[in-house]
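Paired with subunit B in one complex and with subunit C in the other, subunit A is shared by the two complexes that follow.
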Partner chain A sequence: MYIVIIGCGRMGSLLANRLSKQGESIVVVDKNESAFENLSAEFSGFHILGDGAEVDVLKQAKIEKADVVLATTKEDNLNLMIAQIAKEIFGVHKVLVRLFDTKREEIFSTFHIESISPTRIAVDEFLKKINLKGS
Partner chain B sequence: MRTIIIGGGKLVYFLSKTFISKGYDVTIVNDDSQDCEWFAKRLETTVIKGNGSDLKVQQEAKAGETDCLIAITPNDEDNLISCQVAGKVFGIPKIISFVNNPENATLFEQLGINIAISPVEIISKLIEQKTEFEEITNLIPLAEGKINVTEIVLTENSPVLGKSIEELDFPREAIITCIIRNSSAIVPKGFTILKEKDKLILISIPEEYHKVIKLLTGEK
Partner chain C sequence: MEIFRSEGTLRSNNVIKRKYYTIFSFLGLVCIFTGFLLLTPLIALFFNFTGNIYAFLKPSILSFIIGTVLLLLFRRKNNPVNLTLQDGAVVVILSWVYVCLISSIPFLLENHLNFTNALFESVSGWTTTGLTVIDVSKSSKVILLWRSILQFCGGAGFAVLMLSTIIGPYGAGLYQAEGRSEQLLPHIKSSAKMVMFIYSFFTVLGILAYRFAGMSFFNSINHSFCALSTGGFTTVSNSIGHWKSLPIEIVTIVLMILGSTNFAISYLLLKMKFKKIFHNVEWRVTLLLTIITISLITFLTIRPFSFDSSLRESIFQVVTALTTTGYSTVSLSGWPNPGIFIIVLLMLVGGGICSTAGGIKQYRIYLLMKSIFWDIRDHFLPRSSVVKDYIWRGEDKFYIGNQHMRQVYNFVFLYVFTFFIGVLIFLITGYSFKDSFFEFASALGTVGLSVGVTGPEAPKHILWTEIFGMFLGRLEFLVVLFGIRKLFLDFKTFVSLKNKF
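Now for the complex of A and B:
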């Protein structure tokens, strides 16, 4: 699979490293050069220095050919914009975004954008552990 | 008309001031408390501190009862999401976004924003056209730069002097709307003969603009 990841922070880089290790071909985009230091030595994909908010940068990453696009920058709005561009303009089938603000999940699910909320997942985990101890 | 403006800086200040003077009800949303204070001191508007793309903030700004929302922040992604929340959740009928990256203008319209305005594109077109010919004295881009209104004076070098308008190979998407001759206005007809020092008021689409100017001035 050809996977484009926008945002090479802790989450983006971890995804990139793991997917690359699994043998997928990966392109990671980040606007900060230092972000690419998060990539492991085994990472065999490409990285592009640029702002994911610019269509030119997305084109450079050959987003139109991507099977999967993951938007994992730390800005919710940027992730949502990238996801819409990938889906609506470039016709990418599988697009996933990270959302910190859980309130937005519902709105953007109506746009058929799938999101993953680390906050929600973490809260669920916390609650699970508390309940276990309590029982 | 109830309007929400999201953003900061002089642009938001003067825009709000203009709208208020026209009797609009303006609410400014800005995420910087110093900016908010600044606006509140100088304008008779409601100022709300917060991220304009937040549901709660738009609710506080009474988005549900608003006719028009304008997003003018320096971040295109924030403008897009603010506009989409306004349209999707609150059903605001008129939604306008500024785009900092000119390439985003068509993109935003494809993503459902009513009007996406690129100041860079409008200003660069204006400068390009203004600096090109001295005899072209006035230009206004209308409909976000989709129509040019141009004023051009025919000099002695013009190849169209003595010709009637119907003789000209005028592009379809352009029209001479008025001729000012000796300070009186003539509504041009096909048989109207063009003379030196005629001032023509033209309307054209940007794509035909250069063709029209070349036709009337003979210059490239």
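Now for the complex of A and C:
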């Protein structure tokens, strides 16, 4: 599978490392060069220095050929924009987005963009633990 | 370092231990791989060629035994450690030393060479040099095929061979450590497979082309293997000059150029992206250098009424030197001094990065020249100006940072320094200035052209100097230094921790 990951922070880099170890073809995009230090020796894909919202950078990452695009920058709005570009302009089928602010989930779903919210997942986990303790 | 040592816990000891388990299990795989490799020349026996089977069977079995023992001792299914560039360097050095030693055994048993000469031949094969100390007219065909197989594999390199066949995704460090800085596809394994595919594809094309040009099947295989790997081993005593045939020379020139072309460019070539190839700096350097030097040498070697033959000779000799192959169509001993000097310079420059060629590499030469230009330009810019210099590398722009430039300068310095030390050893032995320069440039650049110094009767220390030259030239210095330092450091930490607990 060919996967483009935009945003190489803690989450993006972990995803990149794991996926690369599994044998997938990975390209990571980040605008900070220092972000690529998060990549471990397991990672054997490409990294591209540039703004993930720029079409040229995305073209360089050959996003039109990607099977999956993951937007994991730290800004929800940027993620949304990248996801829209990937979906509308480049016609990528599977686009997944990280979303911090749960209030925005509805906007994302109206754009038909799948989002995963670490906040919601964490809250769910917390609740599970509390309920377990309580019962 | 001090921090690390004072906090030296059992854990870091374990990390080193686990890492070396992985390294040794890698080596086990290398041994088994070499075991298979040693059997391949025996295929020639099916075609009614004579040869001593045991010369290959014995080292092959030895290699299988060593490999199995290493695997049984060190293979751990759970959590193999990922190798970094430095660990990769350790693996690369150990495996190269191992294969060079084991591959020399057939030469010992079959050609009855002494140890130095056998090792020389084996190193010359693996490093795709092509200097030889055996008499090809007296060797069995199996040995000739074995030499070509060595060059074929040496050209691809272990990382590519192993990554594209056996080992999993733990080898990214290995790939880089073997001097392959460019990756074609965004996964190391698929990238290695692609390199192997391009390489084999060109080889098959080469065999067919040689066949059409009128070579025998056996010679076609051998010469295609050795031309594409820019090795230069041959099966006849006068190299390509033996045939005196223009088509064969043309096929050889094309194969040599393909071999010395960066695999990333070959990939673009196969994908028909010619515009991007045009951007690439290495192509431009090749073109510029060949045109200038061919015209110079033609001018220098011209004899009355023989423009076409001297053009033909100079084209072939320039390409063979620049691609670091080492085939020749004429004897170089009769050439004028300026011509020899130009050939020496070409051998030092060498081919493209991430190719099978050796030398300083055209990419680095280009960067050095470009940086002079950048430096002069920067002196005339306003002080607050911000410039980002880039060149085209592979498919994309590559921005040149100071760190990168420093590596390039260090490499070139080490290269030239080693070159002069080697030349000094030659001079002390009593060879002429010209011969020393030429022969050691040929060894260090893994070229294989010779003015007659290298041979079975050459003094032992000269052969050893060349062995070191070829080894360093192929593995690009820094890896050897990294690897040795890393081995030393790990050993030291390991021992000091062991004493503590």
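In this text, the second predicted complex is superposed on the first by the 135 of 135 C-alpha atoms of A that agree within 3 Å, B and C clash if a C-alpha of one lies under 4 Å from a C-alpha of the other, contacts with A are read in each partner's own complex, and residues count from 1 in each chain.
The criterion applied here is as follows: a contact is a pair of C-beta atoms (placed from the backbone, for glycine too) under 8 Å apart; a residue touches a chain by one contact, two chains touch by 3 or more.
Bear in mind that the values here come from a model prediction, so they are computed numbers and not experimental data.
Asker: If we overlay the two complexes on their shared chain A, which of subunit B and subunit C does A:T110 touch? Say first, second, both or neither.
Answerer: first
Asker: Of the two partner chains, subunit B (first) and subunit C (second), which one does A:Y2 touch, if any: first, second, both, or neither?
Answerer: second
Asker: Going by the contact rule set out at the top, does A:V55 touch subunit B (first), subunit C (second), both, or neither?
Answerer: So A:V55 only meets subunit B here.
Asker: Contacts for A:V27 in the overlay, against subunit B (first) and subunit C (second): which applies, first, second, both or neither?
Answerer: second
Asker: Once the shared chain is lined up, is A:L14 touching subunit B (first), subunit C (second), both, or neither of them?
Answerer: neither
Asker: Touch test for A:E42: subunit B only (first), subunit C only (second), both, or neither?
Answerer: second
Asker: Intersection of subunit A residues contacting subunit B with those contacting subunit C?
Answerer: The answer is that subunit A has no such residue.
Asker: Hey, which residues of subunit A end up touching subunit C in the complex?
Answerer: 2, 20-27, 40-46, 48-49, 60
Asker: Which subunit A residues qualify as touching subunit B in the complex?
Answerer: Interface residues on the subunit A side: 53-56, 75-78, 80-81, 84-85, 88-89, 101, 103-104, 107, 110-111.
Asker: Enumerate the contact residues on subunit B facing subunit A in the complex.
Answerer: The touching residues are 53-56, 75-78, 80-81, 84-85, 88-89, 101, 103-104, 107, 110-111.
Asker: Which residues of subunit C touch subunit A in the complex?
Answerer: Per the stated touch rule, the residues are 82-84, 168-170, 172-173, 175, 183, 185-191, 396, 399.
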